[in-house]
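This report refers to the structure that appears directly beneath it.
Chain lettering (A, B, C and D) follows the sequence in which the chains are written, and residue indices restart at 1 in each chain.
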Amino acid sequence: MIELGPNRYGKAAIRLVKVVRDGPRHTVRDLTVDIVLEGDFAAAHTEGDNAHVVATDTMKNTVHAFASEHLTGSIERFGHVLARHFLDFEQVARATVAIAEHRWVRMPTASGAADDAFLRSGDFTRTTRIQASADGDVVESGIRDLVVMKTAGSAFAGFPRDRYTTLPETEDRLMATRLTAVWRYGDTGGVDFDAAFDSIGEALLDAFAEHHSPSVQASAWIMGRAVLDLRPEVEEVRFSMPNLHHWLVDLSPFGQANRNEVFTPTTEPHGLIEATVRRGG
Amino acid sequence: MIELGPNRYGKAAIRLVKVVRDGPRHTVRDLTVDIVLEGDFAAAHTEGDNAHVVATDTMKNTVHAFASEHLTGSIERFGHVLARHFLDFEQVARATVAIAEHRWVRMPTASGAADDAFLRSGDFTRTTRIQASADGDVVESGIRDLVVMKTAGSAFAGFPRDRYTTLPETEDRLMATRLTAVWRYGDTGGVDFDAAFDSIGEALLDAFAEHHSPSVQASAWIMGRAVLDLRPEVEEVRFSMPNLHHWLVDLSPFGQANRNEVFTPTTEPHGLIEATVRRGG
Amino acid sequence: MIELGPNRYGKAAIRLVKVVRDGPRHTVRDLTVDIVLEGDFAAAHTEGDNAHVVATDTMKNTVHAFASEHLTGSIERFGHVLARHFLDFEQVARATVAIAEHRWVRMPTASGAADDAFLRSGDFTRTTRIQASADGDVVESGIRDLVVMKTAGSAFAGFPRDRYTTLPETEDRLMATRLTAVWRYGDTGGVDFDAAFDSIGEALLDAFAEHHSPSVQASAWIMGRAVLDLRPEVEEVRFSMPNLHHWLVDLSPFGQANRNEVFTPTTEPHGLIEATVRRGG
Amino acid sequence: MIELGPNRYGKAAIRLVKVVRDGPRHTVRDLTVDIVLEGDFAAAHTEGDNAHVVATDTMKNTVHAFASEHLTGSIERFGHVLARHFLDFEQVARATVAIAEHRWVRMPTASGAADDAFLRSGDFTRTTRIQASADGDVVESGIRDLVVMKTAGSAFAGFPRDRYTTLPETEDRLMATRLTAVWRYGDTGGVDFDAAFDSIGEALLDAFAEHHSPSVQASAWIMGRAVLDLRPEVEEVRFSMPNLHHWLVDLSPFGQANRNEVFTPTTEPHGLIEATVRRGG
């Protein structure tokens, strides 16, 4: 009467740095890779039979071994090759590869951008997730932990008030979020994933900077539309946007006005808005 | 042709400490609460119309205001009252309340357990999540971040070997995990959630300590069965069990044997096993 | 005209787990070790000459290799042996070994405390630091991250008020801190470090629970005196006590009183009190 | 026979965001401020007398209140004004103000850098610490968490070998560090702190990129000299340089060579090199 339900396993946080040494001008790739397998693994749980259990240590080795030959372009292409490799095991019904790429930029120096010295940029992380099965690949790519702020053009008013509501309405607030966006590609045949990432990133920044925001919800919708208008190969965009509150400090006890100038940021609690914008019909 | 897909919003990480002062012997409750609403919120996204948007600040205020009267028993009961309150808003189709309770234990002193001094126990966190809708409540409770280790009775052998496999088989390894378990209750009518939590916690520890583990997968299955055998009101248990690797240190370069004694724990990468054990039929 | 000033180097965060297998009842030791050397290392900096530079990788290996034979008692004794080993290098004037011991407790089960299953206790971490030089050893031991709270017997009043002061006086506040205490031993000849740790820990808890606190500063003094009164081998105690604020929530907008019952804990900003209590004369 | 030794207290992690709204082109300042006082505070500890204890809540209010008028230039100038304010309390012998400035850069858009939208840059944090006393101010400024990597020009060889040494010598390793540097100014009278920060930052990057590194120790010396050669107002530079190891992956089990190309970064353990470079004489 007791049965095994959904289950999966894999190796998380496989770290990998590749230095491409094509002549004196090096390139650095810095990835964190997760591998997850689903399939015919019931016997491992219920019988203690590991005959189907590809060791997670083997997954790590495979990622390292594939880096030399296959990490030559986008993380989407590398993820695809890895996912297909694991799908080749007979017992695997779905192989999921998630990759985060950490950015190193050439070190700026008095004599120009360095050939072999780099600086890690903490502005954001590029991500992808490839789910490979007999039905083909589902490719979702994204941007993570992009912290952005609007100091004008952000309001929050017209919301319902009940006995627990104390928040004043405002037509001019400071809005900040740690943006995570994930977009799902439809047909991935001819997609240049690096170019797509760059143009989607630019579209997100443009939309964020230029729109008037009546709420974080509206901002997500506007940014999602911008991406879908721009890139026909994208089917949907999902946003996770924590509202990083910046509260106006009450300076009146000190005899000072606060002309929307001095704020205290807080981390707990925070609003959290999640929304999907997609092609309909 | 572009439409709004699934969306939700709320307030995360609402912190709350309640001191119950029934006479000189105090009690401390320390919660982190998340509120998430789903429903008729499309206009907020697409029209910038906030008429339906209960402010997340109001959610925070509500949690604080309800604490005095309603936080008198289990976090499941407190979560239920909060979820039903938010579901009363006409535009809300589903209200989800997630609560983590941080444990403070009475300070042990030479004259016994203190009345009004406490020590925060970091052993684990108790959790619950109530999803309230017109269909009733779904209650899932759990334990988070319980770090446990077996120094005997753990093996990993019989797994497939390919060209990328270097892991040796072992009949005696050190197995450690940071256990997160979530169990879903069926009918919650007469459940004593505090008693259930205590007995499920004990069942998990007993099963972990006493079973022979051929793999983390098998351990999850065995622990899940133990819970379902014990508590008829539980319908399923979900486990997330990262494999916190402890690698045997090679001491042979120093002329020493390592009789399964000296290990180095690592955090990256780590195995991750996820499994559901449920009632079938 | 440019010279090298104070400098030191070493290996930090060396992780080590030792399982003592004296029969079926195992014991787990879980340490994080830092090694730091000072001495005649100028040529490494100014000449690029590594002839004196014991590799930090060698330090790690040494810690692992010494674990089997020398980690048989207190972390203070293990640290002493390690520090003396590194001091034997001619170029080393001072070797410092810092050790944190993470606590694993026997898993409680229906049939008693387990022999070979353990639960990691997150209540606090025991620490020590041995500084070895030609002048002998300086041994400082301590407790880290012990989170404690008083729900009665804590006040803060009588402080000066200026134009920037808004804090009300209170005779009954909730006081919480993440206590770190370090005590320096004088003569370490006959000290039983494990027994000393246990009794000092108990003295700190007793004093915390039982005193009336007019301020965190006074609490530090009272706890320090308790340790020095108890253990003649301790010369001084240093405290670092962040004030983990719990603010009384204003429930009056909701028509509720708050009888010192509902608080919201915050992490930023926090008070920080540091004090030394020592033998005088 | 028991006495109070060194002691100090204050408020840590005071968060402050200021939006300067001089016309449509805004500027964002984002600071974390710590205030620490030393002086005549013994009675607070030993007598429970708070008459001298400036409340840490007052410190927080003061920072917020001063932001409007006094945060108009460098963090060093703002810190100076704050430190002098607290030194004016009769009981204060030394006031220390530490400030970290988090960087927001104008959001790049298709129509140029935005006026009122910003992106948080995670590349590094600028810091300062002002210690004000009757003897004047000691000003130390710095850069924190600048993660940098050299893919050429880094070696580590010629180090001593003992029975615990297994590390091979290498003439071509990957060297990475999370650089923290602090420089102490001598006479601060005419210093343009913003210009100094910029030019010191550039000097550190130039030196890092262009030097040949026989060890992290030598790199610290070379970068310190570069700063002292450039800025006569700097008296000393202190470096903290964890060695973020990137280990060459052994691909030989898979029949592959690894031509210094595929690495796995690790976080535990890590080397840690600390050094001061200063003007001598």
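Following the convention adopted for this analysis, a contact is a pair of C-beta atoms (placed from the backbone, for glycine too) under 8 Å apart; a residue touches a chain by one contact, two chains touch by 3 or more.
All of these numbers come straight from a predicted model, not from anything done at the bench.
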Labels of chains that are neighbours to subunit A and to subunit D: B, C
Same vs different contact residues, subunit A with subunit C, by half of numbers used: same
Chain centre separation in whole Å, for subunit D relative to subunit C (CA means): 24
Separation of mean Cα positions, subunit D and subunit B [Å, integer]: 38
Multi-chain contact sites of subunit B, meaning residues that touch two or more partners: 15, 61, 65, 164, 166, 253-254, 266-268
Residues of subunit B defined as touching subunit A within the complex: 1-15, 34, 36, 41, 44-46, 48-58, 60-62, 65, 89, 156-162, 164-167, 214-218, 220-221, 224-225, 228-229, 236, 238, 242-243, 267-281
Residue ranges of subunit C in contact with subunit B within the complex: 15-21, 24, 26, 28, 30, 61, 64-65, 67-68, 104, 107-111, 114-123, 146-153, 174, 202, 205-206, 208-210, 246, 249, 251, 253-254, 256, 258-266
In the complex with subunit A, residue positions of subunit C that touch it: 163-164, 166, 253-255, 266-268
